[in-house]
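Both complexes below contain subunit A, partnered by subunit B and then by subunit C.
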Partner chain A sequence: MSTFTERLRRHGGTIGLIVIVLLLDVLALSQAGGSVERQLFVGNVMIQVIFVGSVGYLYRIVGVASFGQAIFYGGAAYTVGLAAPHVGSSTLLLLIGVGAATIAAAVVGLFIFRVPGLSFAILTLALGESLFVLARRERWTGGDTGLFGFGAGRLFGLDISTPGAFVASMVVFTSLGMLLLWWLEYSRFGVVLRAIRSSDRRAAALGAGIRTYRYAGFVVAGAVSGVCGSLYALLWNLVSPDILQWSTSGDPIIMTLIGGMGSIVGPVIGCVAFLYLVDIASAITDQWELWVGTILLVVILAAPRGVVGLVDDAVSRVLRRKEEAHRVR
Partner chain B sequence: MSDNAIELHAVDKQYGETYALRDVELTVQTGEIRGLIGPNGAGKTTLSAGIAGEVPFTRGRVRLLGHDTTRWNARRVARLGVGRSFQVAQVFDELSVEQNVALAAEVAGLSPLRAVLSRRWSPDLSHLERVGLLGRREVPAGELAQADRKLLELAMVLVGEPRVVVLDEPTAGMSSQEAEECAELLRELAAEQELTLLITEHNMNVMFRLAHSITVLVGGEVLLTGAPEQVRTDRRLAEVYFGSDAEEEEATR
Partner chain C sequence: MNSVALPAIVGLSSGLLLFLLASGLTLTFGVMGIVNFAHGGFFMIGAYTAFELTSGDGGLGVAQFAMGVVAAAVVTAAIGLVLERLVFARLYATSPIYTLLATYALLLMAQGAVVMKWGRLPQSAPLPDGLSGSVDLGSLSVPVYNLVCIAVAAVVAVGLFAVVYRTRLGLEARAIAMDRSMASALGIRFRLVYAVLFTLGVFLAGLAGAMQAPLTQLTPSLAHAYVVMGFAIVVIGGLGSVTGTLVASLVVGVTNAFAVSFAPDISGYAVYAVLVVVLVVWPGGLLSRGAPVVDLH
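Coming up: the complex of A and B.
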C-alpha cells in the first residue's frame, strides 16, 4: 500500500473534521446577517455539533452507551437559568453551568460505573427522566414553562447579545470545542481509552488504571455536554423542561448512527444532516416526523457505517483502482 | 524474602461444583524457566489467569516476588512486575504496532491528568526490533497475522521490564520454524533480563528445549514436577498423553 493511502487513512478523521468545521464556520458567518429564525437555527447547529461530538466520544472512545446525556446538557442549561438572576456575567454563567455538569457527571459516574452495559444505559435514561419530571413539577424551576429572560452580553469578550452576534461568536467556540474533542481523542488520554476499549484484559495486564480512565472519560464528556447546555441557554435566553427529556439524549445517538460511529467526524456530520433534514421536512409538511423517520430507516439500512462509512468505501475504491492501474503500467 | 518468584499454596479454583484447579502447590525459583503442560482442560489457563490476578482463586495463597498477592487484582499484580501474555493474543487492534508498544511501556504509572496533557509517546523500539516487527511499526495491530500478534504481545509484555512473565502458549498459531525461533528468543531474553518465566505450551519440542523444569497438570491437579528429561521419560506422562488422551495429542500436532 502506498504511503499516501496509509497517511490518508490514518489522518482521515482529522482531515474530515477540519473540513467540516471550516464549512460550519462559513455557514455560520453567512447566516449571521440573516433572519433571526435562521440565526437561531444555525446557532443551535453550532452548539449541537459539539454536544453530539461528546456523545460520540462517550460511545466510541470511553466505550459506554449513555442514554442520559441530557442530565448534563439540560442540567447545565437549568443551572445557567437559575443562576442568571444573581450573576451578571455570561462568562461566569457558562463556567457555573459547566461546573455543575462536571460535578453531576462526577457523582453520577461514581455510582453508574458499578453496573455493566445495558443496565448502565437504562440507569442513565432513568436519571434523566427523573430530572425531567422534577423540572416540570417544581415551581423554582419554572414548571412547564421553564426559565427565561437571562440576557447575554459578552462571553469571553465576544459579543453574544443578539442571535446574529451569537452565531458569529460561535465560529470561535465551535472551532475550539471541536479542537477539544480532537485532543481528547488523539492525546495519550484518548489513546489509552481506545486501548482499554479494544482489550480491557490486555490493558489491565499492563497495569493500566481502567476504572480511573473510563471514569475520567465519562466526567470529561459530561463537562463538554455541560458547555453545550450552557451555550444553549445563552443562545435562546430560555430553558424549558424539554431539554431534559429523553429525546435530548436520544437524538444525538440517532445523529451518530447517521454520520457513522467509526470516526470523530461521524457524529458531527450526522448532527448537521439530521438538523437540516428536520428543518427542511418540517417546512414542507406537518407530518415531517414520519418522513424523517422513513429517511433515517433507509439511511441506516443502506449505510450501516453511516455517511462516513459511505465516503470511506468510495475513497478506498478510488484509491485501489488507482493503485491497480499503477501496477498494470 | 525468599528466592522464589512464584509460590502457590493449596490453590483451588472452583466453578460451582466443578474444580478447575485442586490443591495446587507450585514453586518457581527466581530466574527459572518453568514449563506447564497438560492436556486441554487441565487448568493451565486458569492457573495463569489466577496468578496474574485476573480471575481470583477460590482458596489457597499466592506469593509473587515475596508479596502475598492472593487478593490482588490484575493491575496491581502487573505493577509489581509480573507480565503476562494470553492464549489468544490480546493486542490493541486499532492502534499501530508502535503505539501498542509505547502504550505498554508507559501506561502503568500514567495518570489521566498527565495523559491528557500530551500527545507524545516516547517508545522504546528495541523490543519491537527484537521480535522482528520494527518494519511493520506503523501498521494497525489488527492487520497482523496470528503469529505476529503473538510476537507483538510479547514485545508489549517485555517493554514493561517485568521480573516474572507468565506466557500462555506463546507459540500458538506459529509454524514449527517460527515456534523454534520464538523459543530461542525467549531463552535469550530470559537470560539477559534475568526473567522468571512460567510458560504453558502445547508444542512439546519447544517446551522440552526451553524449560529448566516442567510441571504436569492433569484434571486440575499437579501430576509431577521435574527436569525435562525426567518428565519426558516418566511413564505417567505417557499415560496422560498417549493413553486415554491419545487423540488429543494428535489434535495438537
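Coming up: the complex of A and C.
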C-alpha cells in the first residue's frame, strides 16, 4: 500500500500535468469554432499556462524570486511588434522575440549573485516599471496605444492567421510547452537545480556548479516567458503598454499560489482558475480588485498550499485511513 | 543659483515625505521580516481620507486642514492595527513569500475599496489658502506648503529616530531584529512590539499620504506607485537600516526634483536609475550593516 502511495507521490505531478494538458487541448478545440471573443480568451489561457508554469519553475526549482517577468514577456511582445514591419515570417518574429527576451534575461540574471534576494526582486520590479514608462512615453513604441497589425501567418507550418486557427494551433504549442516545462523539472538539469535549492552546500560538494545552474535556470525561465510574450503579440495582433505593467509580473505569482507552489501542476491549475475567476468577476462587477484580493487572502490564510495542497491532503487522508483499516485487519 | 535652490527645497520636501512612507517599510521588514506590499495601500488610504476630510464646501482653514491630516493618519493607523490583529499576526510564522502575497492581496483590496468609494477618476485634494501661497526667501520664491512639509516631516523623523534609539520600545525592537528567539527568551513580548511598531509604521504611511495628497493627483494606482517607490528606497538604503532609509529617501527625492526641473524627459526613470546605479556599485545598498537578508521562500 505504501509503495502505491509513494509511486502516486512520485508521479503525481506528471500524471496531473498530462490530464490537465489533455483537458486544455479539449477546451481549445471546443472553443476554436466559437466567437472571436472566446477564441481570444482561450488562446490567452493556452499561452498563460506556459508563462505561469515558467514563473512557478523560477520560484520552485531555480529558487529565484522575480517581480519582473513582464520585462521578458512584454519585452518579447514589443520586440515582435517593432520587428513586424520588417519581417514577414511569423516563425522568424517569434524567434526574434525569444532572442530579445533571452538576452535581457542574460543581462538581468547577472544580478542574481550580486544583490540579496529581496533587492533582486525589487530591482526586477523597477526595471519592469521603467520599461512600462518607456513604452507609454516614446513615439516609436506607439505610446499609450501601442503597436498593432503584425500580419501573423504560419508558425512552424501551423496556421495562426486568425484567432480560431491560432487556438487550434495552440493545442500543439501548449502541449510542447508543457513538455518543455516537464523536461526542465525532471531532467538532470532540473534535478541538479532542485538539489541546489534544497541545500546548495551539499549540491556543491557533489560537484554541481551552483552559479552556472541557477543562472541558466533564470535565463531559461526568461526565454520561456519570451516565447509566451511573442505568442501573445501574434494572437492579439497588437501590443500595448499594459503588457509591461506590474500585474503581468504579479498575476502569475498569484496564480501559482492559488494553484499551489509545491508541484508542477499547481501553477497551471492556478492559472486556469484565476483567468476564469477574473473573467467571471469582471463580467459581474467593476470591482475585480476587491474580489480577487479577498479570494487571494482567504486562500493564503485558509489553504496556504493552494488547490493542489488541498487535493494532496485529501488523498493522503483517504490513503492513510485505508492503510489503518488494513493494519487492524 | 536659484535654479538649483528651488529643486533642492522641493526635493528635500518630497524626500522627507518619502522617508515617512519608507521608514514604516524598513521597520516591518527589518524587525518582523515582513515584506509589506499593503504599505502603499495605507499611504493611499491616508491620502484619500485626508481628501475626504478636507475637501468640503467653502474655504478651508489651516487648522481645519491640519486636523484633517492628523485625523487621516489616525484613521489609517486604526485600520492598520485591526489588520495587524486579524491578518498579520497570523503571518509571522509563515514563509516570506506567503506574507508578501497576503500583503499584496491587501493592497488589491485597498485599491478595490478606494475604487468603490471614490471611483477610478483622478481627484485632487485642496490646500487651505494659508498654505497655498509662496514665501520669499531672499530672491527665491518658495511654496509655503513645501516648507511646512519639510518642518513637519523633519520633526516626525527626529521623533522616529528617538523612538528607535532612545526608548525601551526601540531597544526591544532592535533586539528582536538581531535575534528574535533570544529576545523572546529574555522576556521581550515580541507580539506586542510587533503590533506597536506596525501601527506606528502605518500611522507614518497614512501621515505621508495625507500630506502628499494636495501635491498629487489621487488615483487608485497611487498605492502601487508609492509602494514600489518605497521598496526601491528601502533597497537603496540597505535593507533594514533606518538611517540608510533616510539617506536613500533624500537622494531619491532630490534626484527626482532635479530630473523634473532639468531633464523632464527622463524624470519617470529617476528612482529606477538611482536603484540600478546603487545596486551595481553597492550591492547591499548604501548603508547595509549586515541587515537581515530575507530569502523569499
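The working rule: the second predicted complex is superposed on the first by the 326 of 329 C-alpha atoms of A that agree within 3 Å, B and C clash if a C-alpha of one lies under 4 Å from a C-alpha of the other, contacts with A are read in each partner's own complex, and residues count from 1 in each chain.
Here is the rule we use: a residue touches a chain if its C-beta (ideal position, glycine included) is under 8 Å from a C-beta of that chain, and two chains touch if they have at least 3 such contacts.
Note that the structure is predicted; figures quoted are calculated from it, not measured.
Colleague: Is A:Phe173 touching anything from subunit B or subunit C once the two structures are fitted on A? First, second, both or neither.
Modeller: So A:Phe173 meets neither subunit B nor subunit C here.
Colleague: What is the contact status of A:Phe51 with respect to subunit B (first) and subunit C (second): first, second, both, or neither?
Modeller: After superposing on A, A:Phe51 lies clear of both subunit B and subunit C.
Colleague: Counting only touches as set out at the top, which of subunit B and subunit C does A:Thr294 meet: first, second, both, neither?
Modeller: A:Thr294 sits against subunit C, while subunit B stays out of touch.
Colleague: Applying the touch criterion given at the start, work out whether A:Phe218 contacts subunit B, subunit C, both or neither, answering first, second, both or neither.
Modeller: neither
Colleague: Taking the superposition on A as described, I'd like to know which of subunit B and subunit C A:Arg194 touches: first, second, both or neither.
Modeller: In the superposition, A:Arg194 contacts subunit B only.
Colleague: Touching A:Ala121, do we find subunit B (first), subunit C (second), both, or neither?
Modeller: In the superposed model, A:Ala121 contacts subunit C only, not subunit B.
Colleague: Looking at subunit A, does subunit C or subunit B touch more of its residues?
Modeller: C
Colleague: Is A:Arg202 touching the first partner subunit B, the second partner subunit C, both, or neither of them?
Modeller: It touches subunit B, and subunit C stays clear.
Colleague: Please indicate which partner A:Ile210 is in contact with in the superposed arrangement: first for subunit B, second for subunit C, both, or neither.
Modeller: first
Colleague: First (subunit B), second (subunit C), both or neither: which does A:Tyr186 touch?
Modeller: After superposing on A, A:Tyr186 lies in contact with subunit B but is clear of subunit C.
Colleague: Where on subunit A is subunit B touching in the complex?
Modeller: Counting only subunit A, the residues touching subunit B are 6, 10, 183-184, 186-189, 191-192, 194-195, 198-199, 201-210, 212-213, 216.
Colleague: Help me check something: in the complex, which residues belonging to subunit B touch subunit A?
Modeller: Touch residues, subunit B against subunit A: 52, 54, 73-75, 78-79, 83-84, 86, 90-95, 99-100, 103-104, 106-112, 114-121, 138, 153, 156-157, 160.
Colleague: With touch defined as at the start, can you tell me which subunit A residues reach subunit C in the complex?
Modeller: Subunit A reaches subunit C through residues 59, 63, 65, 111, 114-119, 121-123, 125-127, 129-130, 133-134, 137, 246, 250, 253-254, 257, 261, 286-294, 296-297, 300-301, 304.
Colleague: Can you tell me which positions in subunit C touch subunit A when the two form their complex?
Modeller: The contact residues of subunit C facing subunit A are 29, 35, 87, 90, 94, 97-98, 101-102, 104-113, 115-116, 220, 224, 228, 231-232, 234-235, 239, 268-269, 271-272, 275-276, 279-280, 283-285, 293-297.
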